[in-house]
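Mind looking over this structure? Questions follow.
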């Protein structure tokens, strides 16, 4: 297979601080341009929040990072997404391997209709895990702060869990295969405030090891959780573009761009 | 819906004049015999289906009872004996049942793997265009009358089998040919119902699988198919029931004469085939032969009804999770 | 609680070349299976195409026809048989057919008054007497033409090899016959139409009524739940069971009514209940669950807001249903009914049990006639051992499929028309 360059961990990575980077990225759905000329760097082991009004391409941006956009038949991508020194959209790169390394958590909890145990174990199994599954399941559930809740009912259906627990299970499922980056698409939007708080705490803890990219429409959440923030908007043709990007504190207290200031102070949509 | 809220507003009797407005101060409930009559008639329409079921149960029960009260016929013999020879008073249903099981078995052998494969292909692999062509084609073909399939079995499948396995091995009438063609008949049923179940699985589940680095096959077989399992099971059971009750293919191609054999290339009459042969002949209504088809009919009814009830259970379980 | 285990990154997943090989293996397996799935789909389509091809194949092909009298020998003064004048044709009949037969023909209709075409056909039927010695399928005719010619030359030296389509206008308009090449489906076709008429007249109002009751009136009571479950179960009962029901109730118990004797309309020679009426009633019960289920869906798809709009104007529930819900649901109901009818038109097993007579030469004239139907004929002809009957069974199957296709096409057009309207 030709996807080898991505796996060569031994090679030194030039820009050590950058986990993944979009360069002049354009995304189209059919003839509609959803993203226009985006240059975005995601810092390693940090939480980067993507904010902006609805319809500005936040989710599209996120899904470009692990080639999930390809599952939409009419979708077309131009430009580059550099990961481990390689453009993941190169014809030689295997999307399966990309997704193995860049995990994702979705807006609504979507556990498999299997047991809690199987939800965690399945990803590891298909990816060729050869260790102790029991240990891996326990460790992943502990990392997702779910172990204490479910330790006695691992064989029960995951669908029986509450929404917040299901979402933490999805996080546990994603980290069970040890991705380098975890993409989160409004992970708390379907949850109540208490469950949301738990997810946020979890992200801060896990950020010591993983790189997070989080799409959120909730500015408070972005301000609370993230280290870096990228602000997107859409132009007259409804194509999304990146307005500015920077450390969260700077962006929220001292935005460089007028449009950002309007948005975060609520003067805009 | 039967509540009286709509009765609050009295009907306008005349579009002109203020009289009806004055009347509208009176908010009493008033009887509406016409509406009551309509509702009663409509209820009767719904109740006809109950009457049909009761009719089936009554007819099958009464005639079967008649059959089992004949001298020399016993329930025990019916369910244990392996000889069905009315001429010498032997009424053991097993030869007919084994023939039915054989045709059904062959049918499932063809329809189960192929039908599932078609369903998975259509739902997980085919482009929207291919799916939009193939699905209606399969559905129309599922609507072809079974007697035409019977013709197909005799004029195509049997000669084919005979040319492959030899004319000495394969009889002109045989359960294999009937079963294989039955398989083709129920294939669209399995694929269509299963495809519906697979398509009903939410996109988010597939995305979750892809996001973990699963391939398309792994997603289809290890995530989507298990998730749709109860729906797929329901489809398979319905198909099974259809194959057991399938009549014309068996009547034309399986053979005319009960035979207790497990050789698929020998003729053997199925339950349905026997019923058709007896009722198409000139046998008197009062003969034991005639009563016997009601006894066989009862068995068939119980079998298929059980399968259908089980299938509906699976459908209900599937709906609970995804709808 | 240990939330931060130390060895998170050292997990035993394949890396580097291992990973590459591992993924390559999974992709190979995926390709293998997707090929297998595609192959299965193609196989299924092939199996189903084989069915259609087989029928078309059987419905036409070469036949070796042997004439009792060579038509060429009948030509007078170099004028071919088909161009001869009426008088000459009458002379030919007179000289070749026995006097008794001529007298009978005269008594049916005087020969002199018959048209030239009729006389020509009479000459063919009575004098030339073509007989099909052997027939071949379409594929045999195309791919084995030379062999067929050799066979014909050897075995039937007097015979002519003609290409024949068994599905012809004659086939549609001729009554039954014990000779395959003269048999037609006229009586069967009429029987099918009559039966369908009765089925539709009964099942449509009952089915729509039941659907309206279940969707608009029925609350969630025990009785209504039973009705709903029952309808779904009935839809899965094998059709032959309905045949038994029809046999016991309509044919035997209600014989005075279904034979027409109670109305003085019955056929005295066959005063039993094996009539079109019995068959129609049986098929009506058979398709009733299908019509109900389809009509329920159509009624359910009418938006709630339409009902609210009508009710808020002070309409009663029945007024709302009659003026708004039913018209809106009608295309869907009709589509479902057509589909149910296409099920009824092909049903054979219940009719065998109810007692369709297979050999009938007289056209059915009403609900109390004895009858046969198209699928019954297919069954009967297929079951005969002679090959020529297979040919007309194929022709009748083809006809049945064309009818079905027409009905399905109508249903689809209706549905598409409806969905376009729904978009407005």
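By written order: A, B and C. Residues from 1 in each chain.
By definition in this document, contacts are C-beta pairs under 8 Å (C-beta built on N, C-alpha and C of every residue); 3 or more make two chains touch, one makes a residue touch a chain.
Remember, predicted model here, so these are calculated numbers, not experimental data.
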**OP:** Sort the other chains by how far their Cα centres are from that of chain C and give me the top one.
**Re:** A
Subject >> Chain whose Cα mean lies nearest the overall Cα mean >> reply: B
Original post:
When the C-alpha atoms of chain B and chain C are each averaged to a single point, how far apart are the two points in Å?
Top reply: 19
Original post:
Any idea how many Å lie between the Cα centroids of chain A and chain B?
Top reply: 48
Subject >> Rounded Å distance, chain A centre to chain C centre (Cα mean) >> reply: 58
Original post:
In chain B, which residues are in touch with two or more of the other chains?
Top reply: 215, 218
**OP:** Identify all positions of chain C at which a residue touches two or more other chains, and write them in rising order.
**Re:** 26-27
Subject >> Residue list for chain A, restricted to those that touch at least two other chains >> reply: 96-97, 126-127, 177
Subject >> chain B residues touching chain C - in the complex, by the definition given at the top >> reply: 1-2, 5-7, 9-12, 32, 34-35, 38-39, 41-50, 52-53, 55-56, 59-60, 62-63, 113-115, 117-118, 120-122, 125-126, 134, 136-138, 140-141, 143-152, 154-156, 184, 187-188, 191, 215-218, 221, 238, 241-242, 244-248, 251-252, 272, 275-276, 279-280, 285, 293-294, 297, 300-301, 304-305, 307-309, 311-312
**OP:** Please give the residue numbers of chain C that touch chain A in the complex, ascending.
**Re:** 1-5, 8-9, 11-24, 26-27
**OP:** Note which residues of chain A are touching chain C in the complex, please.
**Re:** 1, 3-4, 7-9, 94, 96-97, 124, 126-131, 136, 139, 142-143, 145, 147-148, 177-178, 205, 208-209
Original post:
If you look only at chain A, which of its residues touch chain B in the complex?
Top reply: 66, 68, 71, 73, 96-101, 103-104, 106, 108, 110-114, 122-123, 126-127, 159, 170, 173-174, 177
Original post:
Tell me, which parts of chain B touch chain A in their complex?
Top reply: 127-128, 202, 204-215, 218, 222-223, 226-227, 321
